[in-house]
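Pasting the structures in now, so scroll down.
Presented sequentially are two complexes of subunit A, the first with subunit B as partner and the second with subunit C.
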Partner chain A sequence: MQYRTRNIYLIPYAVWIALFVIAPIVLIAYYSMFDIDGALTVGNYRRFFTPVYMGMTVRSFWYAFLVTMFSLLVAYPTAYLLTKTKHKQLWLLLMIMPSWMNLLLKAYAFIGMFGTYGPVNALLGALGIGTKQILFTEFSFIFVAVYIFVPFMILPIFNALDELNPSLVAAARDLGASGWDTFRRVVFPLTINGVKSGCRAVFIPALSLFMITRLIAGNRVITLGTAIEQHFLVTQDWGMGSTIAVFLIIAMGLTMVLTGSGEEGRQHVK
Partner chain B sequence: MADDVIVRFENVTKQYDDDPAVLDDVSLRLERGKFYTLLGPSGCGKTTIIRLIAGFIEPTKGHIFMDGQEISRISPSKRKVNTIFQDYALFPHLNVFDNVAFGPVVKRMKKSDIADAVRGALRFVNLEGLESRAIAGLSGGQQQRVAIARAIVNQPEVLLLDEPLSALDPKLRTDMQYELRELQRRLGITFVFVTHDQEEALALSDEIFVLNNGRIQQSGSPTDIYDEPVNRFVADFIGESNIVAGIMISDYLVEFAGRQFECVDKGFNPDEPAEVVIRPEDLEITPADRGKLRARVDSQLFRGVHYEICCYDENGNEWIVHSTRKATVGDEVGLDFGPDDIHVMRLGETEDEFDKRIESYEEARYAV
Partner chain C sequence: MSNSSKKPGAAATIYLAVVFVILYAPILYLAYYSFNSGGSMHNFEGFTLEWYGEVFQDTRLVIILLNTLAIALFSAAISTMIGVAGAIAITHVKSKQFRSALLTLNNVLIVSPDVIIGASFLILFAAMGVRLGFASVLVSHIAFSVPIVVLMVLPKLQEMSPTLIYAARDLGATRWDVLSRVIVPYISPGIFAGFFMALTYSLDDFAVTFFVTGDGFSTLSVEIYSRARQGISLSINALSTLIFLVTLVLAVGYYAINTRAIEPGRPARTGRTGRVEAGE
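Entry: the complex of A and B
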């Protein structure tokens, strides 16, 4: 009786998963088997392993890595300072708020700011450095991507730091550890799970970024995400687009496995 | 004598923002190799004192000295002091060995020396063979010992213990009390033990500081504090007490419960109002016509070792009696006590004034 009621509650969830998770993956895998003329083939997969797509893959990973690393470098100290402030929940809210805004809006705002006649160049001019090409560079791409992803990195790290028992830090100091030793040997290892989930929340979406590669990086940065978009919308080669998507899904799955195993694993170590 | 002082507080005040001071103008001296207890209710400032000694907080006013050197603003990592935390604060991501090795490792000791020191400390607390165990897999008592080993491996001169027994069950707690006392004797270093449990304080300490509202109410040996509490707070906090209002008629004569009694206290003004303390175990139940006071038994509890008998005298004062013999509820009984059992406290007397008065008794005794 009880068992049956529980199953009824599960129906919306099961329907959702079937329609929006399983079905699309099956469809993507299915489309990846066809070439542009609709003939069954494994040619798409062979094409993925050519230098063009391999280069794109490596670049995607590299940019996603850079974006994750800079997000971490910004987010960890920020989250740390947040836990020390008096109204930390308020400050956290302010930090998280930009993530509620539409991604495109934020991208367009940066076009205005980084443009030749934008405020950043005006400031550089006033400082005597002169006008620079900021938009459509790798720098602007990384900068805007980090800006967009930082809240997703701050939140899990903040939670991990906030849950850290303060007497552990006191104990480390008491035992003679310097500030750096305390961080390296106690604070960071005990908040590593927050760092991991933050990295996951940034790295995986960063791998398939495509909109800002065009708006901010002016297609100088071509990632797998860009390639998928181009194949579906421009070249109409759905087969190749799907093949890249299959590899992206595999990459995401691997990232999940690699960064997610720590939590349960540690507690059973005897 | 001055060399024996390891920690000294000079008029130390600790205050957060505009709140009332958590520690108010406290001066104290701790000697080498003694077991001290800071005793008081929560919020009395006892934990503040050990946090000041450890260096986790700095005094708002006043000075703290260790070994004759001012340490008020020195980092905790540079003090020869270690702390056993209330929740032990063991590092959950490190095993037993690495927890104990933490101090030596951050002090950049040689690897082989670290291993020797850690093994020695673990042997000291009887935890050999558990080196590679995870902290989460240890019992409360074992965690406590790891915390002790982790502290003593650094060879501190002062060990601070912040209510370390409060998380243990009563049986284990008693065992650990013996172990702590034994440990302190073997190490020969100063222990500063914080507790709100008066029995623990009486059993363990060479000297007790009783604190309330950020001030030291009284300091002294367990027997001094138990037998000669300076004020109502101390009398009430240490052990159970019958405290009644009285008048000190003259030296060695006190009036309470409507009668006059011979006592051993003196140095009061004639007819000065005072408070009279008689411990429940010093009262004896006698037939109604033979005691110094007449009272009616109101209720009775069996406490295992003794009966706790609650009586009211003719003036309505409550008297708690501890007796191994059972009384009958509703009976008229007599209460008997000797002059030594009466302790008269002056209203609002400070510890210094109290000490001076006690000294005058000693002089009087030698003069005879």
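Entry: the complex of A and C
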């Protein structure tokens, strides 16, 4: 009886896994071995290791790294200070709220704000710096990406800080540690898991952004995500697109291993 | 920062205020100019509601809005059903390895970048000969919402004592009775949270939809993308102000459910670009 019960519930779920988790990965790997004319080849992989694609990969990783780092630099103090506020859950909700708004609309807002006649340039003008080209630069790309990802970094760090036992901090201070020492030796190590999951939540999506690169960076920044989109939807070279996707999946797996994805499993499997 | 361990000082308050203002600036900026009769996002000439009127007169936009809502509601409902079944199936599995294998497979779509999901689903639909349009978008949204429903429901199932089910069976309940009268009522907060998450995932999605939508069909995100590429139009501002208000209502609703039922104050959702860290 028990066995039959389990089977019934497992059927729709197993179908979902087979169709939308396993099949897509297999198909990506399969398509990566065909060229644009449908002939079997390893040419896509050879092409991936040429300077053009390697350079793009390296730059893509560099941008993702910068975005992750700046997000962390902004988010950690924010999360830390949030835990000190009086109604911290409410403040957290207010900080997270903008991230619930449609991403496209925020990108669209930045087009207006960073434009030649936008408020940012008006401010620069008022400060005597003069108008600058902000939109379609690497700066605007990184700024908007950080803007979008910061809430996702705040959340896990906030949770980690919130769970931190305050008596540990008090003990460190009593034993003569300076504020900085306490942070470096006690607070930060104890919240490292929050930092890790924050980095994981930012790094992988940052590696594969493509909408912002088009709208904000005006194709000046080409990430792995942009390249995949280009191959699939513009040049129709699905083979090369799949090859890049294969490497993105590998990068994703490595990121998960490096930042310790085991925690999720631990929480849910008793 | 480190010496403000007791009470936040002035510097801390300023820092938080600056972050706060920057986070809300784009939204307020859009909302402010949605009332501009000047027609641009830099010269506020006078107050008007003209753009709001335009949103509702734009039949194409209204149809797209309805499509988006239909996709969101259907995909949330169906993915909730599959997700609940999946969560029940996972708790029924005895073997530890099999269970963690299922969980790993479950989390693949949560951590995958949107571009990969979109591209691989596009290949999948092409391989199966599915025409791109409403159906392909709906199926994709169901597919990427299932794992988050599972993650929302699973903790509720795990904290449920199996004796409840034994008792029901002993008292003569059929399997269907056990599901509908014991399990589902017990895990309903998790189901609601999962449904809400699936709804917001669907409403928020751009990248996956962008890949699997054909020529004839469009959702709001895709439409905004193509309009934004053409330049600025204040009816988008008006629309975004309306959307923000709806989002606000959804957020408060979700938060209310979440704080009451799941875990106090943990809006676990992190949106489709930074897909969730549901585990954390």
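What we mean here is this: the second predicted complex is superposed on the first by the 248 of 270 C-alpha atoms of A that agree within 3 Å, B and C clash if a C-alpha of one lies under 4 Å from a C-alpha of the other, contacts with A are read in each partner's own complex, and residues count from 1 in each chain.
One rule holds in what follows: a residue touches a chain if its C-beta (ideal position, glycine included) is under 8 Å from a C-beta of that chain, and two chains touch if they have at least 3 such contacts.
Note that the structure is a prediction, hence the values are computed from the model and not measured.
Once the two complexes are laid over each other on the shared chain, residue contacts for A:L164 go to neither subunit B nor subunit C.
Touch criterion not met for A:M33: it reaches neither subunit B nor subunit C. Residue contacts after overlaying the shared chain place A:V186 against subunit B, while subunit C stays out of touching range.
After overlaying the two complexes on the shared chain, residue contacts for A:R173 are found with subunit B and with subunit C alike.
Legend: residue contacts after superposition of the two complexes on their common chain; A:M69 is shown touching neither subunit B nor subunit C.
Of the two partner chains placed around the shared chain by superposition, subunit C is the only one that A:L10 touches, whereas subunit B remains out of contact.
The larger set of touched subunit A residues comes from C, when the choice is between subunit B and subunit C.
For the contact definition in use here, the residues of subunit A common to its subunit B contact set and its subunit C contact set are 173, 178, 267, 269-270. The touching residues of subunit C, counted against subunit A in their complex, run 1-5, 7-8, 12, 15-16, 19-20, 22-27, 29-30, 33, 40-43, 81-82, 85-86, 88-90, 92-93, 96, 99-100, 102-109, 111-124, 127, 143-144, 146, 150-151, 154-155, 158, 175, 200, 203-204, 206-207, 210-211, 220-221, 224-225, 228-229, 232, 236, 240, 243-244, 247-248, 250-251, 255, 259, 264-280.
Across the interface of their complex, subunit A is touched by residues 54-56, 75-78, 81-83, 85-87, 89-93, 102-103, 105-107, 133-134, 136-137, 150-151, 154 of subunit B. Against subunit C, the residues of subunit A that register as touching in their complex are 2, 5-6, 9-14, 16-17, 19-25, 27-28, 31, 74, 77-78, 80-82, 84-85, 89, 91-113, 115, 117-119, 122, 147-152, 155-156, 159, 169, 173, 178-180, 182-183, 193-194, 197-198, 200-202, 204-205, 207-211, 214-215, 224-225, 228-229, 232-233, 238, 241-242, 245, 248-249, 252, 256, 261, 263-265, 267-270. Contact residues of subunit A toward subunit B in the complex are 165, 167-168, 170-178, 181, 185-186, 189-190, 266-267, 269-270.
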